[in-house]
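In what comes next, chain A is part of two complexes: it sits with chain B in the first one and with chain C in the second one.
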Partner chain A sequence: MKQIFAIAINCLKELWRKKDIYTFLVLFFILFIFLISENFFGIRDISRYTKDIGFTIALLFSLIIAVTFSVKQIPSEVEFKTIYALLAKPLTRFQLIIGKFLGSFFTSSSAFSALFALFAIFVYIKGEGVAPILLAQSYILGLCLMSVLCSVSTLLSLFFTTSGAATLSFIIYFGITWFSDMLRNTLLDSGGITKILGLIFYYLIPHYEFYDIKIRLVHSWEPLPTTIFLLIIVYSLVYTYTLLFLSYLGIKRRVF
Partner chain B sequence: MENYIEISKLSVNYASGKNHFTALSEINLNVKRGEIFGFLGPNGAGKTTTIKTILGMIPEYRGNVRILKHDPRSASARQRIGYMPEIANYYWYLTPNELMKMYGRIFGISSKELPEKINHVLDLVGLNESKNRLMKIFSKGMMQKVSFAQSLLNDPELLILDEPTTGLDPIARLKMRNVIKSLKNMGKTIFFSSHELSEVEMICDEIAIIKKGKIITSGRPDKLLSEKKEKETLESYFINLIEGRER
Partner chain C sequence: MAAIFFMASFINNYEETFFLAKDFEDKGFFYKVLGEFRKVLSDYAFIRADEYYHSGLTIQNRLNEKEDLFHESEEAHGESAKKMDYAKNPFPKGNILAFISEEVALSEHMHLHGGEEKELLPWLYYSVKLDPNNINAYVIGSDWLNTRLNKTNEAIDFLKLGLTENPDSWQIYEELGRISFFKEKNFNMSLSYFQKALALQNQDNADIFERGEVLSFVAASYEKLGDKEKATQYYKEKRELFPDNPAVQKKVEMLEAETEL
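Right after this comes the complex of A and B.
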């Protein structure tokens, strides 16, 4: 574990020293401005929009940080040749993958936590009456989303260029969140081999739509049933681990 | 004396699409405990591939390789090895102290021992005064020193140095040579590749010369040179051998 954390801590230092943190501060400031501008619009029922857009911004900005940070972790080690000194140490390639993943996960989770905290504080100051358990669920599912996003981006970064992996990660995210319902319904209406292959594909893709319970937050609905909530967490852990293992297989026999 | 590096009939092929390239062809190499072994050859001869194989960075090869009695691909073998890469690139956003801390943790050195070890290795290479400066301001020579320091951090039994004196000024080069000699006196085994033939001649107990993936000669430098009719330096011997003027 010491080895893994040494790699992960280095990722956090990189964020700080390379001034990537400024990007986050700008994003934080944009969210802050948006949240305090509610009175400016003076529209009735604006609180729903505040919750809707505020939460979307917090999630979207964290997503950007998760993807852009994850995709460069291993390629930059190779590009700057720092990987040689690392691989010459008693560190397995699997530990390297996990360490890099944890670094990206800690970074994006910290960003999400700060943005979510800002959002939650505003929601409570405004007295919006969101159930604390619903807020907690949104937060934990947001962390699960970061975990899956970082593992998808890490895997893609091993086979595509940094910009290609980032673009693909975003396309996969938005494609799934926007079209997965449509895809499922289309597949259920189809038949034969198309349906079988389509469903296999459907069950293999990362189901990002599981993590977005914004609609419950906006309309102050009931929290997710505990079983469903726990199943999503288990799904995230299994999915993340599987992708990280595939990433390991991707570099296991690679000559750097 | 026991062998710390045992390589027999090692062949490494690189494949890129349909193209295959033989980087090493059935090389044999033994490095005994406590000796300084110089590994020489022109660019592209296979020196770095040999070093990468010793360090377990080449997952697939033919032949037998044992490093400190271990398979080089196992992480446990690398616990006792120090490696200084040919290109001294490190995380420029870190200080030497932070870099050593990171590597120290990877080696599993306790946090109690680590500061003392860091001070010791940075002192050895003359970088203690700059240990808290970001490496982005470091010159090439200073980065070489960082590189040398990190290779000594785990107090390795086997030290692998890939072109260690590149970029160093004559004084730093002399100091490094002295450190290498003192490491040998402490019983360390040193395997190093270099283009600096005068240096190799001065400090190596054994040498091997590689050309196009094959070892073309090996032995004690003084013995190899004494086989010649005319008095030769290692440099002229090397050039004649590589250029194929003899043999």
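Right after this comes the complex of A and C.
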């Protein structure tokens, strides 16, 4: 456990050392200042667009950090031959995968937390605000999203080049979030062999659309029912663990 | 290499037509940065405004409703907030993931009301900032400002801004005419706007229903000003477009009878 956290903390330090996050935070801050200073026909307290754009940008920046950090964790160790030093330590390959995943997860989560905190402050300063429970749900679901994203990217990084894995991660994310409704409706309307194949595909893909409650947040809809909220958390944990186990199987017998 | 070879001529052509264009320096920030892509973003902003009015439901969501989108009742689009049944797909038995996905999606269709309509204005504002030729955004934006938010002066200013960018837009003139007619009751002004709109309409930019509507407004403005002969003349012109419309026929007959008296 100690070794796993040592690897994870190392990754986290890398984020703050490399200063990528500062750029994102400054950009995010400038964007919010620009958004809240806009004047639309002299009407006061227009705020939903700030929530909308702000939350989208916070997620997008965190997504970029999650994917770009996850895909280079193991390949960079291989490239610089530091993986030999790591594997020479009393550390199993599964622990290595978990450590690298936790590093990416802590990194993207800390970036998301910082951006989300800034978002929450601006939302409460300007306009109608948000119900605290809805804000808490969107934060926790954001963390779950980071977990699934990091595990998907880690798995892909074992079979593709760094840039290929990153590109594929982004394609999967945007493809699923944009076309999930169509996919679900197609599946429900289909029959026979198409339905069986569709179901297999549907169960295999990461359901990123579960984490998108932006519309509820922006338009102050009711929070997600507790059962559904808990089911999404359980789904995230199971999906993350399964992908990490597959990643472990991917490097179990690999000769570096 | 082949792609670069073909791209070179494309970039050269693009540079000549875009960056070296005579009026490039006068173009706005979004034109310089985004080029023609700004039109796509402008349309996207316009669609977002529509989604905001329906509290986040997309057109696709609304098409899934029990009630056909194109037959939504007037009441449903009225002033008051209406929660309408949103037809979810039948419960996907045994498919827990599809079930969660259904539950995460929105389940009620509610319209902005009681001043909340202001929330869609930023998208219409950005829509025209991105593409100053997006006439629909000017017309719809001014309609919200005028009718729902009681900001008539701002609506007129928005339309006049649209006119500086689109001096040949009959739609903007018609909207200005509507505000003068219904809100300001200035029928001389409305007549001048409607006549300008009528003059700008042609077969390519307006269908017979749009022309008929402007003709009605011109006629109605004359009627309000007491010039029944002129009003009859324009209603007759409308009758030529819609010979089977009993309401127009009746209006012509009524005005002719009044003129004879």
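Assume the second predicted complex is superposed on the first by the 223 of 256 C-alpha atoms of A that agree within 3 Å, B and C clash if a C-alpha of one lies under 4 Å from a C-alpha of the other, contacts with A are read in each partner's own complex, and residues count from 1 in each chain.
The rule is simple: a residue touches a chain if its C-beta (ideal position, glycine included) is under 8 Å from a C-beta of that chain, and two chains touch if they have at least 3 such contacts.
Not measured: the values here are computed from a predicted model.
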Side-by-side fit of chain B and chain C on chain A, or clash: fit
Apex chain A: angle to the C-alpha centres of chain B and chain C, given in degrees as a multiple of 10: 150
Contacts of A:Ile200 with chain B and chain C, given as first, second, both or neither: neither
Which of chain B and chain C A:Asn10 touches, first, second, both or neither: first
Which superposed partner A:Arg48 touches (first chain B, second chain C, both, neither): second
Which superposed partner A:Thr82 touches (first chain B, second chain C, both, neither): first
Contacts of A:Pro90 with chain B and chain C, given as first, second, both or neither: first
Chain B versus chain C as contact partner of A:Asp181, first or second or both or neither: second
Broader residue contact with chain A after superposition on the shared chain, chain B or chain C: C
Partner chain in contact with A:Ile125 - chain B first, chain C second, else both or neither: neither
Partner chain in contact with A:Glu209 - chain B first, chain C second, else both or neither: second
First (chain B), second (chain C), both or neither touched by A:Val218: second
After superposition on chain A, the shortest CA separation from chain B to chain C (Å): 31
Residue ranges of chain C touching chain A (in the complex, touch as defined): 48, 52, 55-56, 60, 89-90, 92, 95-98, 100-106, 108, 118-119, 121-123, 125, 145, 149, 151, 154, 158
Touching residues on chain A, where the partner in the complex is chain B: 2-3, 5-7, 9-10, 13-14, 17-18, 80-82, 84-92, 252-256
Residues of chain A touching chain C in the complex: 38, 40-43, 45-49, 52, 180-181, 184-185, 187-188, 199, 202-203, 207, 209-210, 212-213, 215-216, 218-219, 221, 224-225, 228, 231-232, 235
Complex contact set, residues of chain B against chain A: 14, 52, 55-60, 75-76, 78-79, 81, 83, 85, 87, 89-91, 93-94, 98, 102-103, 105-108, 134, 147, 150, 160
